[in-house]
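Chains: A, B, C and D, in written order; residue numbering restarts at 1 for each.
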Amino acid sequence: MNSDLPRWATNIALPFLNLLSALFVAAAVIYLLGENPGEALGILIKSALGNAEGLGYTLFYTTTFVLTGLSVSVAMQAGLFNIGSDGQMYLGGLGLTLMMLQFDAILPAWLLIPLAFIGAAVFGAAWAFLPGYLQARRGSHVVVTTIMFNFIAASLMNFIIITYLIPAGEQNPASRMFAEAAWLPRLNDWLPVLGDTPLNISFLVAIFGLVIYGFVVWRTRWGYALRAAGKNAHAAHYAGISMASVIIITMMASGGLAGLAALNSISGSTHYLSLNFTAGAGFVGIAVALMGRQQPIGIFLAAALFGILMQGGFDLSFEKPNIPPETFIFIQGMIILFCGAMENMYAPALSRLLKLNWRKNV
Amino acid sequence: DQPKYALVYDAGGKFDRSFNQSAYEGAERFKKDTGLAYIDVQAISSVQGEQVMRNLARKGVNLIAAIGFTHAQQVQMVAKEFPKTKFVIIDGSANGANVSSILFKEQEGSYLVGVAAGLATKTKKLGFIGGIDVPLIRAFACGYVQGAKSVDNKIEVIQNIVGTTASAWNDPAKGSELARSQMERGADVIFPAAGGSGMGALQATKEKGKLGIGVDSNQNYLFPGVMLTSMVKRVDNAVYDNFMQLKNGTWKAGVTNLGLKEGGVDWALDKDNRAVISAEMEKRINTAKQDILSGKVKVVDPREAGSCPK
Amino acid sequence: MFEDFHFSTILIATIRNAPVLLFAAFAGVFAERSGVIDLALEGKMLASAFTAAACTYATQNPYWGVAAGIAVSCLIALLQAYVAINQRGNQLVFGIAINIAASGLTFVLAQYFFQLGGRSPDLGAARFALIEFPFAESWSSIPALNWLFGQFLGGHTILVYLAFALIPVIHWVINHSRFGLRLRAVGENPHAADAAGINVAQTRYMALLVGGVLCSFSGAYLAIVQSGFFLRDMSAGNGFLALTALVFGNWRPLQTAAGCLMFGFFAALQIQMEGVAFPGIGQIPGSLIQMLPYIVTVIVLAGVMAKSVAPKALGTPFVKSR
Amino acid sequence: MSNAVEFRQISKRFGKVVANDAVSFAIANGSIHGVIGENGAGKSTLMSILYGYYHADSGDILINGEVRTIRNSHAAIELGIGMVHQHFMLVDNMTVLDNIMLGMEGGFRLKQRRLQIAKELQQLCQDYQLELKLDAEIHTLSVGEQQRVEILKQLYRNANILILDEPTAVLTPQETDALFAILKVFKQQGKTVILITHKLPEIMAITDAVTVMRAGGVVASLETAKTDKEELAHKMVGRNVITELPRQTLHTGETILSVKQLGLKNAQGVSLLSDINFDIKAGEIVAIAGVSGNGQSELLEIISGMCLDKTEFITGTIKLGDTDISYHKPDPRLPAKLRRLGLGHVPEDRLRDGVIKDFSVWENILLGQQSDQIYLDKKASIAACNQLLEQFEVRPLDSSLRISQLSGGNQQKVVMAREIAAKPKLLLVGQPTRGVDIGTIQRIHTELLALRDAGVAILLVSAELEEIRALADRILVMSGGRITGELNIAEYDTTRIGLLMGGLHK
């Protein structure tokens, strides 16, 4: 579209201008709520990035969003819009919890942690299998089936937690807490400056996931098949790529990644499974995938942006009671709007400006 | 200097017209009575809850009251890290020498409003609407059914839940629809325990000229004349008392079960439902109350019994 | 088991449940048949629900509330058109952005104005009157007719009648009017429409605006008719359900309406399934019964209606070139 | 004679590309005016400007002697200009009638207008001898019929100036004749026709004047009667073009493809292919001639392993070398398996099947070969790709471009290069030069002949009899899903082939 703009302009200047616009709208709202926008922004940045512990929390949230963002991105590469990451993450949580409840008393940590991985990924993948299968074999729209599967997951999990997992006499609709052996090592074990943050090794898993994703999608035959199927089904057919298996396998990979996101929240932080623990992370994953253009670095940056808002926004509303936490939900929306949907708004103006400059120089 | 106090709400937030708000009112009353300030904050997720409680403890807050069962595990964890800080968990239980767990016997209050409903119904059909199917809501339902059946064993209680996701507490349209459906099937007194969705249900009962029952705080004032009563759960008292005890140096850790006897739950009678509750009804409800207090009637708690008697 | 079900009640509830979905799904029909994916139904619905409730409360007149809801919903639709058509932005991203923004802003505003935890005050008497058939009285002695005119057909608010009246109207507009013809052409092959001298951008703007108006009724119905107040996030996924009905109905008005009614029906049926002992199964737990409408949708999509065909240009911005 | 259209110094750039460079020429009223030029010469751009689709950066357009600004297609239509685009501008899932009335509805309610317009259209169909079902949906029509819809649309709109952009690229000879007959009637009525084509015989056959474009500019505007094919070809590409390529004598080897009793029915039981029997030996080109829609596409689809949805209705056997490759149940991976057995396939519809538009050129070179290795070595692939691009003179020579940035002709060269580079034993080639300019056609033909001489068996499906004549050693004529005749190239006879194509056995 804006091929006449230099790379630095499309990759840095435009996103920056867009982010600025979103922040401008946010500032207006904060001003109307009776607070000083500049001060608010200062608090937000400082609490999200300005100290090690805040940064730890920011990266903790980022981890979850990277994984759900990857989940949505993988599916998008194959032309599938997986709205079901949230449900898949929910089920992934069930998978790892069942594993941990079963084995946390008898197995050592170095076995439990891989088991948690497998449990989360397998259950997430299994929950994504059926929508994938129905799309591949019956042509049922994956968008609709995954939305439906989110609702179904909510019902199912409600039932399972209430009926089987609540320890006797407890109020909280949640499983019992896992034994410490099943807890993921936290990064503050090695980096004490991080303080009491739940940032754990799933952060490394997420980073590793980004690298693997980038490699598999762009440098292997599976990635090739995936992208080919996503861009042109006819040509994929011509090339002997089975659309059906690409769809099913991709959905399962997507679901598996979403399942892994549960690892961070449960094994890494709370250590028990509770009702609606995903808190909509799967939906943030959609925004992350779209804003990050399904590119590894983009996914990371978008996830980090949402992590910053989550952590900084929470602290800000704590310090400024006039700004309810919901304000940051609105700001999230504005950022997605300006950086995602109106990403090229400033492109014409910028290119005109650059040309003008260029003429002057000549 | 004076001790410092803090309140941590759960996802419902402080104006939910339900137990978060009730806690807020308790703290406000404490502030008014003593002139002492407090900090309050809302944590949307359990991770945030843990984070904020830790921050508050570090800031030197002496008593942190966490509202809602979702905070239970976090309280237990943070309390261990800060043995000098006192914690109160409301609606949930946590272990620790510095933790006070406040639980309510919702079934007892619900039993009383069940008696009221059983006396008020002409159709012998009642309605109950829960937000999500969780143990707490089951306790409400179970007490209500027991109360109604104590009046007339033939009374039938139609039960529904709103949903399974967090939006189940914020779906007044569905709440209203459930109430309508129950009324069309004959129910003439409806008891919603479903947060904001319940407001939709009460609205619908009002429109159809049937009776509604408020929950958690005294909601009789919402629709005077068509509110039969409210099942009040004195979260405000619990917060107020804990704050007061700390101030007076009488605060104690441990599990407290607040039932009728402790004034933790009750039914509400005020000017807004005076016209609906006849003297005869009032007498029978209070008799039921006496029976519970004296131990003559034991209201089954499904959380302990594992299920609700048929 | 069957004696546990009150089918007359289920039918009435179906009618009462349907308008929220009908209005939103029709909004989706216009947007998507013109080639713009409308994931923003949920956000428009929520924004208009808030505006409708707030204005109704302020003016004590539901009609002003509806008018204000229309205005806000149309403003969002205009922004949507600007993004989708002029900016050629990603339509899915727009939808998600608006849904999130609306969820946050309606709460913040509700809290700012009313201080009720994201609620509006009760609208009290400022709501739509129930419309009764004038001759219903005379039938009241015959139970069946009394039910038919008093409860099934009569006794609803004006928005219910509007929703049902719109079914044939929208079918006609889409399939038998000039606007509909152009709309379909633009959504299917905008290049062909453009070559035929049709202004693609203008047609899509119109479609989104009509959708804006329709979607606002959905929000108004939620707030003014069904609840009597606004509450945060009260759209509760209905916008997505409407989209599902749209896909289910193959983007055609009549089938889409049928999809909405089906959802309404199963929602009503599900309410009555709680506590019923089924032979051989016993009582099904409430949380599992909640799945019913969604499972039915999946089964229907997988079985009966395999392969629904979206408008070909859906989601792709129109750029003049081959 | 006055001029219907006159271009004065029209210039148009797309970014750095100059599509039209000070184009000036005039088109006489009541004439048929040809415009020719290589791919990318700027023909379509110029016509799009005339139709209000693009705006010229500078220059004027005169319609009937008056300077006009044509802001959009609507304005062009008002001026009596009609255009039949290179890619048809029809809405697939609407009826012929609705497509024609689109933009001309005349009122909010369609019902009565529909009846009225249908009547008028029937009259027009009679006048111009067009056969069309007005209530048929577009996607059910053949390409030729779709083009008739486009023309009927222009007739109904009373276009006085009709632009046709490569209208014959997808037509059979019969359909082309029918089209030209209509154009002649058009001309008789005093209307003006602008005809863009790559086929010089057509220019010679029907136009009154011709403009040759190259690299955005006008090379010459000539009276058709005063020029010939050779001169035009020379002016077009700037060098001499040999129209007849030299061919070496036939040396056939063993049988590579053997098709026996092949048949295909659709789900309704209608026979699409029946009784197909033929062999192809190494080193020969067997061409299939026929009006499109007579089973050629299905035949290619089955042999290439791409038939998925109606496999249960396939009968007969196919052998590739000694391997039986007949299949009766769907296997989506079959095309890849067949490739490993030595089958190459240049698909009929290259944009749909042959390339992935959003992929770079080097990635497209891997299409079909993607499953040979797990790791895709980008550097090595690009190097290999560049070599191929050089060999096949693909322009621009840049394997990292998205393939959609190449012109159709160059895309075709990429597909061809890919399939040839895999060293197939059998190459299936569908419509290799559709919409491709003369220079490129020559290049592609040269490659195919070289392949034949190297001992590859080639099955060619083409709607161009000229192409078949230039390449084939044997010709099979198909009609109604059967092979209606077979002849050697020595027996080539257009009339006889035409009759066979019409299903007339002699």
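Observations
Convention: a residue touches a chain if its C-beta (ideal position, glycine included) is under 8 Å from a C-beta of that chain, and two chains touch if they have at least 3 such contacts.
Predicted model only: the values in this text are computed from it and were never measured.
Comparing chain pairs A-C and A-B by the number of C-beta pairs in contact, the larger count belongs to A-C. Our note on geometry: subunit A versus subunit C, Cα centroid distance of 29 Å, whole angstroms.
Remark: subunit B and subunit D have CA centroids separated by 75 Å (rounded to whole angstrom). Centre to centre, using the average C-alpha position, subunit A and subunit B are separated by 35 Å.
Centre-to-centre separation of subunit C and subunit D, using mean CA positions: 46 Å. Touching two or more other chains at once are residues 151, 154-155, 158-159, 162, 324 of subunit A. For subunit C, the set of residues touching two or more other chains reads 111, 118, 232, 237, 285, 287, 290.
Counting only residues that touch two or more partner chains, subunit D has none. Chain pairs recorded as touching, per the definition above, are A-B, A-C, A-D, B-C, C-D.
Within the complex formed with subunit D, the subunit C residues making contact are 176-179, 181-182, 184-185, 188-189, 191-199, 309, 312, 320, 322.
Of all residues in subunit C, only 6, 8-9, 12-13, 16-17, 20, 111, 115-119, 122, 222, 226-229, 231-234, 236-237, 267-268, 271-272, 274-275, 285-287, 290 touch subunit B in the complex they form. For subunit C in complex with subunit A, the residues that touch the partner chain are 83, 87-94, 96-105, 107-108, 111-112, 118, 232, 237, 240, 243-244, 247-248, 285, 287-288, 290-291, 294-295, 297-298, 301-303, 306-308.
Considering their complex, residues 12-17, 21, 130, 132-133, 158-161, 163-164, 167, 170-178, 180-181, 184-185, 196, 199-200, 203, 207, 222 of subunit B touch subunit C. Put simply, subunit A touches subunit B in their complex at residues 57, 60, 151, 154-155, 157-159, 162, 166, 168-174, 177, 196, 198, 265, 269-272, 274-277, 279, 314, 317-318, 321, 324-325.
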